[in-house]
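The letters A, B and C name the chains in turn, as written, and every chain counts its residues from 1.
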Amino acid sequence: MSAGRSLLVGLALVAVLALVPVDLTDIGLPYPGLRRYGTYILTLWLVTAIAAMGVNLIVGYAGQETLAQAAFVGIGAYLTAIVTKAGVPFGVAFAASALVTFVVGVLLGFPALRVQKHYLAFVTLAFTVLCWLVFRNEQWLTGGVMGIRDIERPSFLGWPLRNHVRFYWFVLGITSILTFVLWWILRSPWGRAFTALRENPLRAESLGIDVRLYTLVAFALGCAYGGMAGSLYAPLVEFIDPSPFALGPSLLFMLMVVIGGSGTFLGPFVGAGIAVLLPEWLRAWETWYLLIYAVLVMVMMAFFPGGIVGLLSRLLARRGTATGGRP
Amino acid sequence: MTVLLEVRDIEKSFGGVQAVRGVSFDVREGEILGVIGPNGSGKSTLFNCILGQLAPDRGRVRVDGRDVTGLRPSRLNRLGVSRTFQLLQVFPQLTVRENLVLAAQEHRGTRLGRLFGAPDVGLGPEADRMLEFFRLTRLAGAMAGSLSYGQQKLLDAAMAFMSGSRLVLLDEPAGGVNLTMLADLRERLEAINRETRATFVVIEHNMEFVMALCTRLIVLAEGRIIAEGPPAEVRRDPAVIEAYLGH
Amino acid sequence: MADFLQLLISGLATGAIYALAAIGFTLLWQTSQTINFAQGEFVMVPAFLALIAMRWLGLPFVASLVVAVLASMLLLGVAFRYVVVGPLIRRGVLPLVISTIALGILLKEGVKDFYSAEAQSFPTLLPDTLITVAGVSVSLAQLGVLVVAFAVIGGLQWFLAGTRTGRQMQATAQNPTVAQILGVPIERMILYTFLINAVLAAMASILISPIYLAKFSNGETLGLIAFVAAIVGGFNQVRGAIVGGLLIGVLDNLAAAYVSTAYRQAIPLLLLVLVILFRPQGLLGRREERAV
């Protein structure tokens, strides 16, 4: 798809998404919109998708492994909660979350990437546990297991966002911008460099691509996306405690990106959707949903490792040729 | 003629096995130097030491007078040294044209600058020229993975020349290529050498190819140089004949 | 001083158990390129298999242990090899990594849902009575753990270095292509590695559950310790895994006594950071040639 067309499709999607929670009966359309909880879930989906995009960049495009995304989301969330409660404007908190998580990503990635390939997975694993310990123990800073409550939703240029639909639009706007940034990066020569270093790092090196540097930047950027997701997560849920930032959720981030389709652009959105909606659908079997999820992942890896988006792409491609597509 | 590549006293061993035992040679600008020798003579190890893939235990490598021993391959490439690989070659999921742009993009502008410029970094015309030179123009938009083996080899060579490297190291360029393609490949390599004065160092097993292409040969056996000189001389050298027959 | 010795001994005891988990993990990676992210859960499950044998099948303790080890060999060895790893290894590394991560979650949730979310007490082979050895009082159970763990490790070392099959396994681990050319039946060697890992994990499970209590969430901590021990020791070495495990066990015990317990889990993590920064090839590893 050409750049222009992709952008138009993107804008159309954003427009549709903006209208989803809105009650359209006033303007004559038979669509009642979503209630508060539905809008909340939609917002949660977008926030999760931002973090998933970060993981997708690291795993799907740069070919690495990260088990620390939940920790980075946590850093962003706690940083934002603490700092906004002290009176700092949200915009500053958001920028700070992005910057801090980027720098931490560099510090973490630099030594780990010098060594064998899978070391990053273990280093990120250890980092997640470490962060979670800090979140849980440093009561003076993070409130410990009691967490931080009454996190306020910010205002946008003086316009308060406490209303769930307004906050949703705010998050939608930020998600759109972040998605656009990623899209831009991937379409640029950087994207080509990522493809090269993922597929054949040896060959990429020999063409002048500094594999270590590009991988490090991809990793740090992916972590920063996690931090930014966390920064939005805190005011969304208005109360944070250490549990969503533990090892389990970090693993789930990896899983959701792969289920959605690692290395595809829409994959993180699909994966995040499933991750957010599955607990809702399987509410009846609440304690079993993780089990079912795990089984689904294993089956999927054996039969369609390209994830859902990968599978759909293949099906669509086949349909194209079956109906006499291009010669 | 200036000396472009100086290799001095390179030694490399792996866990007790000495693969390269003190190899020194010069390569003059514009030359096509062939490196031959029986299997296990240390040719690949030597190559990898020159290219920064391996750090030599001892010795120095100088390109254009500048010490480049042990520099990362990507750094070396940006200093004007390219290579082709014996096996791993093109990027199958990119088109032929994209492969060529990729091969030179790191040499244009700065990394940050490339984020904001055109996606093909202004390399379109050069890629087209390269496609024409290697007679791959009609395949420009095809996925590199769909090319035949011989065509991929040509693309691989084209990629090595895209960034205007002055020194190109070719690792078994003739491997697995059929006779007609081979003649093509040799002819193209000679043409580029004539037109751009690029210097080549070629590892090869295919004797005919090497004898026809190279202006000078060095022969390695058991990690050491046992002969050096123009192809006709080297082929008659008794030490060389023995090294090959002895295997 | 006596206190310190006591801590040292109990540290070595738990360290030896960690070493069992780390050795299996390392062997699996070396021989078959399988990074088993579910290793922690592999050390959690066998204890529950024994509990099931005892409580649901009414078997006596020792028989249950035997059942647990055999069932582990079947499930965590054979089934793991042919149902999970086999089909996935040709898909590439990432699908396999993801699958072992998912498997870990599966085992954890499976135990939680089908057995219990509560911590279960697990009987020891030897009673906890204190005996005095060279002026230091140690628990018999701990000594027992030390003896059993070292016996298993010793047995494994002997097997690997002293028997033909063992040496074939080592050859497969070092260079599968060459091993195959030399006539080593690598498929069988790989299967043996999986079986050995299952046995080691089962032994570790049986030895650690009396101390930690059998709980579905044990896998997280144990897995992390196994990974760190393997890396700290130097990934390519079995001996390294032993050193790594013992080191972590001792440090962990000392930390629990002299440092705040809130950050006890951070000890192996700190060790990992230090090793990665200053000696990435591990304490006993060889410096890897730069591949790129």
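Heads up, the rule we're going with is that a residue touches a chain if its C-beta (ideal position, glycine included) is under 8 Å from a C-beta of that chain, and two chains touch if they have at least 3 such contacts.
Just so we're clear, the structure is a prediction, and the values are computed from it rather than from any experiment.
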Per Cα centroids, the chain farthest from chain C:
B
Central chain (by mean CA position):
A
Would you kindly tell me how far, in whole Å, the mean C-alpha position of chain B lies from that of chain A?
42
For chain B paired with chain C, centre-to-centre distance based on mean C-alpha positions, whole Å:
47
Would you kindly tell me how far, in whole Å, the mean C-alpha position of chain C lies from that of chain A?
33
Check each residue of chain B and list the ones that touch at least two other chains.
53, 72-73
Check each residue of chain C and list the ones that touch at least two other chains.
292
Residues of chain A that touch at least two other chains are 202, 205, 211
Contacts from chain B onto chain A in the complex sit at residues 51, 53, 72-75, 77-78, 82-83, 85, 88-89, 91-94, 98, 101-103, 105-107, 111, 114-117, 119-121, 159, 163
What part of chain A is in contact with chain C in the complex they form?
59, 65, 111-112, 114-116, 118-119, 121-123, 125-127, 129-130, 133, 136-137, 201-202, 205, 211-212, 247-248, 251, 254-255, 258, 262, 287-288, 290-291, 293-295, 297-298, 301-302, 305
Which stretch or stretches of chain A touch chain B in the complex?
184-185, 187-190, 192-193, 195-196, 199-200, 202-211, 213
Residues of chain C defined as touching chain A within the complex
35, 37, 84, 87-88, 91-92, 94-99, 101-106, 109-110, 112-113, 220, 224, 227-228, 231, 235, 262-263, 265-266, 268-269, 272-273, 276-277, 280-281, 288, 291-292
